[in-house]
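There are two complexes below, and they share subunit A, which is joined by subunit B in the first and by subunit C in the second.
Up next is the complex of A and B:
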């Protein structure tokens, strides 16, 4: 159910079933709700069978890239010659995204169970759950649940009484967006600066501490117990559009809608319905201007595109954007797109790890140009310059933070050029002090 | 699969075959193409951060970094294709927006990879406009190193050197985004014995040497291959000279000796090479003491003394003398029985560079002690000095004679002194012959691993001084024992003909990186 709202009839409630239900946070409460049954089933099977089931379900990564989860797991060495690791990516720092936070706040045991299953499937001794530094409340809840899980024998030397060893640690980040990037996350766990690593080698070969590692997003993992409980076929059947996108997805909707919050819908759900039905439409009789459907890193959609976009990997691609993390940022007709885009660019400029030249210098330069335009000092050539710099920042760096900065700039200029022009020609006056750079 | 398996590919239209696992940037060198790069350095772990080395690889959608992409069979690589050039132009523009463009006062100007590539591939004009550039004050990193953050391109070579080669992680990248800069541990200075290498590694003028600060412009310098005189490691170096003064020494790559590095102690060696206290003319002992003369007279007098000498000859040699001179000096003593001795300063403890096997500032602080030993000189220096008083002839080869009482040598009566400077004890010499120092002549040293390595003349000799091999060759010729030599190579040829330790070697075979001496003949083992 969407939190903090009452569930809407059009939602498909799987991951969010117990959002808002404090009892589900406890071990007893979780077991009462059928918790840890999936883990018990999993531990009775061979790891490879679980990988097969997840492959079969069609589950894909919810952290941004949409990589097929079962396939990712199958990249781990079959013959174990070294320790394996699972990293659960709970760094959730993508602007506009706040779904993993709710999963951890309300169903911590669900995530622990999910991690334990995945850990067993990839034959890892240890799971690190890497939690965003600012998530103090989710961290406390997770820690309590983890302590309980050890106490109750879910984890530890004799996990679920099977004689198998499963260990799990929470690792608190220090609040850098880049540490959500999977290889930066590994560096951070190792105590190094959170810089993304060049690939290859890929984490399944050389990951955290140089060992084979799988990294998955919180929401991706959270789906796994449900798949084991209800079957791959059931999960696969959750599909409203393209068969390559299955299951449910949590969308964190923020911005100018009446009821912002988390909503869980089946893959392929129309974005239009999400905004107008579930979220109650625009505030105060305003109209939709633009929407970023997948967190701040993906191209912006205009109104027409938004209203015809289907929320799955392919549906977003059809509109020239990406499903990303599922952070839906909504702008009504009062939004100043130039300002909004500057805010995004400024975020990336602040968060760039500074390794790649294009990203380190480009994110800051793009921000300065956008600020200049907003201040009424823009040059006619600035838009072409922004597009050219964005081109230089795309597809050339270690990670895609650089691309992420360029994406909203390019789509913003393409789709809302008149708003930029208005600043450049002086038709629009510089924003007041409150909105200033 | 064999380690030596070759992979064939095409780079800029040139077919090359390289060992499997070779990185594109190295394979491109074989095709005669230097892929522009900043963070890559063959002596450091790959970082792949500057993104300068982007090249086009056929059938790969994105441009690839040549410094981290291994070769694959049949790969077709384009370094100069429009997309690759465009991408690198972009990197150069980004690197320049915050760069102060203070080339006129920057020591790196003229040997700066930023200048070079911008000139080669960059755009003529900036599009940055009126934005303020990032500013951070110059920081003294300690040791010989200043950090000029405004020029830094964050290639992280310096950080990787300290982390992985020096194994002393005191540098880091601090801050993020365009605020990033190189930081140093709060309680530490760049005083590691090998820290000076960060100055050479820095591709721009961001890490600079205090010693070299504003001393010379790169284009005024002449560069000469040489060998460090600091210790018996024999690091290959380049001596940079301006107007016949050595202004700095920098490491010259040699994979077998010092890879890309040299220690700070070795860097400081160049100073003595510029000493102003030199003997500039041959001197003869006359009634009023030593009197300047010309070479003809001096050589004739010296030859006459040698011919007339009876009994033992003592050669007191410097372990900084060339192998050629050490050999010729002993030969000059001819049939008479010869005692050859040298001495070396030993400083306890070595200062290794941990990331490179068998590389350290050695405690034996002379470049040619091994050469002297191979040629039969011993370290029984004091004993040799004592016998000098009874010797028929004492030949001194640039040994500074510190602590040798003048009257000891005076007792010998017949002292011929070949030297660069004239110590008090040498004033008893009958003939003083001024010779070149290491920067002023061609020659060879033999390092501690018995590797013979050539050094080349970097500057003019002062006054009438001549290389020791020339002087000794002239004397040998007078005595009919070989010589004279027109070049050091000829002197070395005589050495290789006469001494089995050097058999088969020549200046051509030594090249610029040297070779090991033929293995000493193993002792004959008689089966029981």
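Up next is the complex of A and C:
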């Protein structure tokens, strides 16, 4: 449901069924709602069978890249010679995205159950749930639920009375967007600076503490118990457009819409309906100007593209963007695109881990050039310079943070060039460059 | 005038004055963002913290808590982030002396610990006001008026600028990047409290709760 709103008829409520229901947060409440049944059936099966079911369901990663989850799990060594680990990525810091927070706040036991199933499927002894440091409330709720799960014998040395050992711990981040990147997250768990690692080796071979590791997003994992309960065929049937995108997806909508919040819809749902029906359209009767459908790291869509975009991996690609994490940022006709793109670039400049020259220098210079344009001191050549810089920042670095900074800049200049030119020609009054100025 | 030490430069303000160094607010840079630190604001909180003998954090109950955390990881190093959180919870910030203690406890070097502390934005390397306020101004919140909230906070706390502590030592206001609650603009953090839907108009009422 579109927490904090009442469910809309066009929503398909699976993961968000108990959002807003405080009783579902407790162990007793969760069991009453059918919780931990999926874990019980999972533990009675062979790990490989669970991997097969998840593969069959078509579930793909909800953290950004959309990689098939069952396939990822199958990369873990079958013969166990070393400890295995599962990391649950709850670092959620991509501007526009706030769905994992709601999953943790309302259905903490759902996430614990999901992690326990995944952990068993990949034969890991320990799960680390990496939660960003600012999420004080989800941290407290998850800790309470974990304590309960240990007390009730769901976790621990004799998990669910099966004699199998399942351990699960929270690891609190300390303020760094980059720690959401999977290899940076592993470094952060190990007590290091959150610098992404060069791949290969991939985490399934050499992950956290040098051991085989799988990293999955909160929402990806949260879907797993539902798949086990209702079957892979059911999950696969949740599809409105392309059969390669299945299941439901939580979309976090923010910006200039009347009812921002989380909405759960079936893959392939029209973005237009999400914005105009579920979210009630633009605030104050204004008109839509632009939309970023998958979190700040993906290319911006203009109005026409937004209104014809279908929300699944392929539908977004058709419009030249990506589904990403499902963070939908909406701009109405009052938005100053140059200023907002500068603000996004500043985000990446602040969050770059500074290992790669293209990223460290590129993000900083892109921000400075955009600030210069906003201050009315831009040159005609600046737009070409920005495009050139963005080109140098794409596909050349250890992780894709650098590419993520370039995406909104390039698409912004391409689609809203007249706004940039208005600053360059002096047709538009110089704007400030933030509160500090 | 007390002889207080400036944590950023690790020399006393009096030394600076004697040498004719300007003790007015000074600037420093971390990554790409410039901050201004007001010496005036820090004076109240810095008193005595540097002259008193170091009082270890990891004794008694806190040490036991750390030992339980260590059991969760195959290496000692992995307990670094949790250990630093414990220091910040007890001391409010992480001094060089505390970093040295953490290094000893976890068998790391002080330089390594400092390298990690400086990577993460939530660890304070100098004392902050009693209420540390962070306002998200990233694009989604920015669209919904986050900068108005920042201006209102600066005005009502008496903080002269971002990163500076108010003259009464009560507040420090900073901007922060996306807090992961973009649909509830504008989220702010006051210490460990996470508040949603703050507007410029609500600021005086919010501040009343944090005196």
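We adopt the following convention: the second predicted complex is superposed on the first by the 431 of 437 C-alpha atoms of A that agree within 3 Å, B and C clash if a C-alpha of one lies under 4 Å from a C-alpha of the other, contacts with A are read in each partner's own complex, and residues count from 1 in each chain.
Here, a residue touches a chain if its C-beta (ideal position, glycine included) is under 8 Å from a C-beta of that chain, and two chains touch if they have at least 3 such contacts.
A quick note: this is a predicted structure, and the numbers were derived from the prediction, not measured.
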Of subunit B and subunit C, which one contacts the greater number of residues in subunit A? C
Which of the two partners, first being subunit B and second being subunit C, lies in contact with A:176: first, second, both, or neither? both
By the touch definition at the top of the document, which applies to A:222: first (subunit B), second (subunit C), both, or neither? neither
In the overlaid three-chain picture, which partner chain does A:398 touch, first (subunit B) or second (subunit C), both, or neither? first
Taking the superposition as given, does A:355 touch the first partner, subunit B, the second, subunit C, both, or neither? first
State whether A:335 touches subunit B only (first), subunit C only (second), both chains, or neither. second
Could you say whether A:189 touches subunit B, subunit C, both of them, or neither, answering first, second, both or neither? second
For A:255, is the partner it touches subunit B (first), subunit C (second), both, or none of the two (neither)? second
One more residue to check, A:363. First (subunit B), second (subunit C), both or neither? both
Between subunit B (first) and subunit C (second), which does A:296 come into contact with in this model arrangement: first, second, both, or neither? second
Residues on subunit A in contact with subunit B in one complex and with subunit C in the other? 176, 193, 349-354, 363-364
Spell out the part of subunit A that touches subunit B in their complex, as residue ranges. 176, 178, 193, 198, 349-358, 360-365, 368, 372, 379, 385, 389, 391-392, 395-398
Of subunit B, residues touching subunit A in the complex: 46-52, 54, 62-63, 65, 68, 87, 90-91, 93-95, 97-98, 127-129, 131, 153-154, 156, 172-173, 175-180
The residues of subunit A that touch subunit C in their complex are 83, 92-98, 100-101, 126, 132-137, 167, 169, 171-177, 188-194, 209, 252-256, 260-262, 296, 327, 329, 331, 335, 340, 343-344, 346-347, 349-354, 363-364, 367, 434-436
Touching residues of subunit C toward subunit A in the complex: what are they? 31-34, 72-75, 77-82, 84-85, 106, 115-116, 119-123, 134, 137-140, 142-144, 147, 150-151, 154, 161-162, 175-185, 189, 192-194
